[in-house]
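After this come two complexes, each holding chain A, first together with chain B and then together with chain C.
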Partner chain A sequence: MPIDFPPIKSKIFQASASDAGTLATLRLMGTADASVHVHVQQAVTVMREQARALQVSEVAVDMRELEFMNSSCFKCFITWLSDLLEQPAEQRYRIRFLSDPSKHWQHRSLRALSCFAVDLVTIEA
Partner chain B sequence: MSSTTAEGLPDEFVQRFRQLVAERLARAESLWFSLLQGTGHDAEAAELLRVVHTLKGDAGVIGLTDVHLVCHELEELLDVAKDVAWAVPDDLDLLVTMSFHFIGLLARRPAGAPVAGIDLAGFVQEVDQAVRATRALERFAGTSPRGSLAAAPEDASLDQESRLARAATLAFLEHLGARGASRERLHQLWKLLRQEVAQSSSTPLQRLVERHVGATKELGEQLGKLVDVEVEVRGLSVTRRVADALDVGLLHGIRNAIDHGLEPPHERTGAGKPPRGRIRVTAAIEGDVVEMVVEDDGRGFDHAAIVQRALDNGLVGDTERDAERGEARFDVHELVFRSGFSTAHRAGRISGRGVGLDAARAALGKVGGQVTARARDGGGARIVMRVPALVHHMQVYVFEVRPGIPVAIPATWVVTVSPEPEGAEAPGVRRPFVIDPLEALGIAAQLEHVEHVEHVLMLRRGLLHVHFGASSLPRLATAQRICPTTASDPMEVVMVQGREVLVLRPEQLAEAALLDGWRSPSRAT
Partner chain C sequence: MPCFTLSFRPNTALVSSVRRFVADIWEAWLTPELTSEVALASHELLENAVQYSSNGETEVHIEIEMLGDGQTVCIRTRNAASPENLHVLRAAFAELEAATDPEAYYQAMMRRTAKRTEGSGLGLARIRAETGLSMSLDIADGQVSISARIETRAPGSQA
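Up next is the complex of A and B:
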């Protein structure tokens, strides 16, 4: 069953998803500020549902083309991780963030986020 | 008879505590949101601090030390937020939100359950750094005449560390242009801020490793293996970038050791080994290189299985395959780093080593490091990571712009020198396309020395041409980056032969000059 993720496209923010075997990828691009919070929330919510439905072992979140994300949008990921941590061990999957080391906000925010679940979250720069 | 917590409290009591935590967290989040939106006032601020303090006290009574700890960190964050009138940086907002979630998670956890995967020590470190950096910026904002530059619009995309480095650099610049006692005070401020940057960007290896130890033991339990982890990295610190790369290497190295290296207890005793497996993580800094080793006393690499798996999955090319003719002459220890080797394994189809080691190699490679795998003497496996350590260097051209005032530009620029034509200019007057770097930075008017252009440096990179006036010839030197700023900053302070030198980024400086409308760089056509 292929991933069911309608692409999200606004003037400043885009999100798309794909899957291959036990790996799903969420790709975020553009700028995620307060004006697109609802889109970010939608992207994360749908990906959570799909990851569970497809029983993936890993979700890659590709932020390399994401220029900026404000804290209110980033909180969607905190909620995602919190929820994941409270799932039974067999329903958990790993989340691998692909980041751009030249974007400093990613470094700090993802590092803090990884404190939630060091065994589930990987950051690749 | 009702069960009790480890501290001897009845379950009912703990349940009531959890209910209160949920209610208080909901209220705290609501108050925090309204304060950040500007709709909350003093009463809301006071209530928020009170709610969190109550949570902390309750956690202490119940004996939930981890909840108590996070509440304490949250109080630190809220203190800073209050001091900056709730106009907090994005990363501080994130940490506060994370604190709420952490408290909820930890409070809901069944009594005695392990803190699986949660890195409280790392979180505390993040909070400490954010608090320290915000405090330092707050101090700087009250002292620098150029404080507004530290809050430029693009700051939204910078983390605290970068903003702090920018603030430190501005303090250094101000010191260059100052006279008398204020010059010394500004130099002291620069040194203080520089120390903050150094502390902020330094990560103790001990903490880095410890965050994996808890998860290691739990993973071992899940797999029915008994694991002892020995760590010998005390006292060593590395830069954040190096730490991040080692973090990925450690994650995969340790998981690999538990998952595939260490045998279950009955298998170990059958092989004459103690039932508990052993993983040892050590680190040392030799010269400019950090070496971190993860070794285990497990079954080691199954060479035949690895070769077969690589062949089956097409991870070796036809040439290699033909050359081998079925004989196990592959460098098995290199095969485990091939991309795809781990993916197949995670699906659980094949046993053997290799989970994520390709990711470890990629992460370490990005910071100039490398990772190798070998058999351990006495049985087991040994993963060795080597990364250039603490000091970042850059090549620069150093020249003086006033007697005794050296500046530098990155050696990525092509520099040619032409003498200032005789009689072309009177002292202090310059041809209009030649930039005086100190004037571009706004400190020329404060200096005792007027500019005396002996040479014109023609700087070229790509299509951009910039002309700088200089009073000495440039010389190539190796600079130590002591307070790295980002590529979008017009300057950075480095150390050249024991002396602090301002490195200019001509492309940024030229843009600033253009904005000021006083002198324009020429663009090649």
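Up next is the complex of A and C:
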């Protein structure tokens, strides 16, 4: 069953997803600010539903083309991780963030996420 | 002493434009990392001002002061706010200032706000933990002024 993720295309923010075996990938591009919070929330919600339905072992979140993320959009990921931490161990999956070292905010924000869910989050630069 | 002040009726789309403007202006003066920190703090403070402004207007002022072998960067937003929002801001700053460990407080706020449906409640904690800027709140005549400040020194200079 292929991933069911309608692409999100707004003027400043885009999201798409793909899957291969037990890995699903969520790709975020553009700017995630308050004006597109609803789109970011939608992207995370659909990805969470699909990850559960497809029983993946890992979700890669590709942020390399994400210019910036504000705190309200960042919180969508905190909620995702918080809910995942509450799941039984056998229903959890890992989340691997792909980052761009030249976007300095990504290093700092993703480090905070990895501290929040030490056993679930890995960061790849 | 380079500085600029913008006064405008903010909307959420304009905040990102201001963040990019801030980054473009200051990248000539600051390291890429510090430019990124100033841009992040500017964005979060402006979104805060949009949220709490009672008349839709806000002002952002950013300046760099050269001090010998270092520099001080200061970002200040100013807006009018309702008494209810002033109370919320005072409480938020009192809690922020009482927390001595910025990273521990940030993690605590992340746990606390994970289930929150409106706003993030994370902006101030994020600025302090992710940028190292210190913040202060001033309220006078219904006007809120939030300042975020960081002092830097040139590589190799004595602290």
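Worth pointing out:
Note that the second predicted complex is superposed on the first by the 125 of 125 C-alpha atoms of A that agree within 3 Å, B and C clash if a C-alpha of one lies under 4 Å from a C-alpha of the other, contacts with A are read in each partner's own complex, and residues count from 1 in each chain.
Methods note: contacts are C-beta pairs under 8 Å (C-beta built on N, C-alpha and C of every residue); 3 or more make two chains touch, one makes a residue touch a chain.
Note that this is a predicted model, so its numbers are computed, not measured.
With both complexes brought onto chain A, simultaneous placement of chain B and chain C is prevented by a clash. In the superposition on chain A, A:Asn70 makes contact with both chain B and chain C. Touch criterion met: A:Ser57 reaches chain B, while chain C stays clear of it. In the superposition on chain A, A:Thr22 makes contact with chain B only, not with chain C. Shared-chain residue A:Leu120: touches chain B; no touch with chain C. Residue contacts after overlaying the shared chain place A:Ala112 against chain B and chain C alike. When the two complexes are superposed, the chain touching more residues of chain A, out of chain B and chain C, is B. Put simply, of the chain B stretches 9-17, 81-89 or 333-341, the part that bumps into chain C is 81-89. In the superposition on chain A, the residues of chain A contacted by chain B and by chain C overlap at 68, 70-71, 74-75, 78-79, 82, 102-105, 108-109, 112, 115-116. By the touch rule above, chain B contacts chain A in their complex via residues 90-91, 93-95, 97-98, 101-102, 104-105, 108, 116-120, 122-123, 126, 156-162, 211-212, 215, 218-219, 222, 240-241, 244-245, 247-248, 251, 255, 343, 346-347, 359, 362-363, 366, 486-487. Residues 11-13, 15-16, 19, 32-33, 36-37, 39-40, 43-44, 47, 50, 103, 106-107, 110-111, 113-116, 119-120, 122-123, 126, 129-131 of chain C touch chain A in their complex. For chain A in complex with chain B, the touching residues are 21-23, 57-58, 67-68, 70-71, 74-75, 78-79, 82, 85-86, 89, 101-105, 107-109, 111-120, 122-125.
Of all residues in chain A, only 12, 31, 33-35, 68, 70-72, 74-75, 78-79, 81-82, 102-105, 108-109, 112, 115-116 touch chain C in the complex they form.
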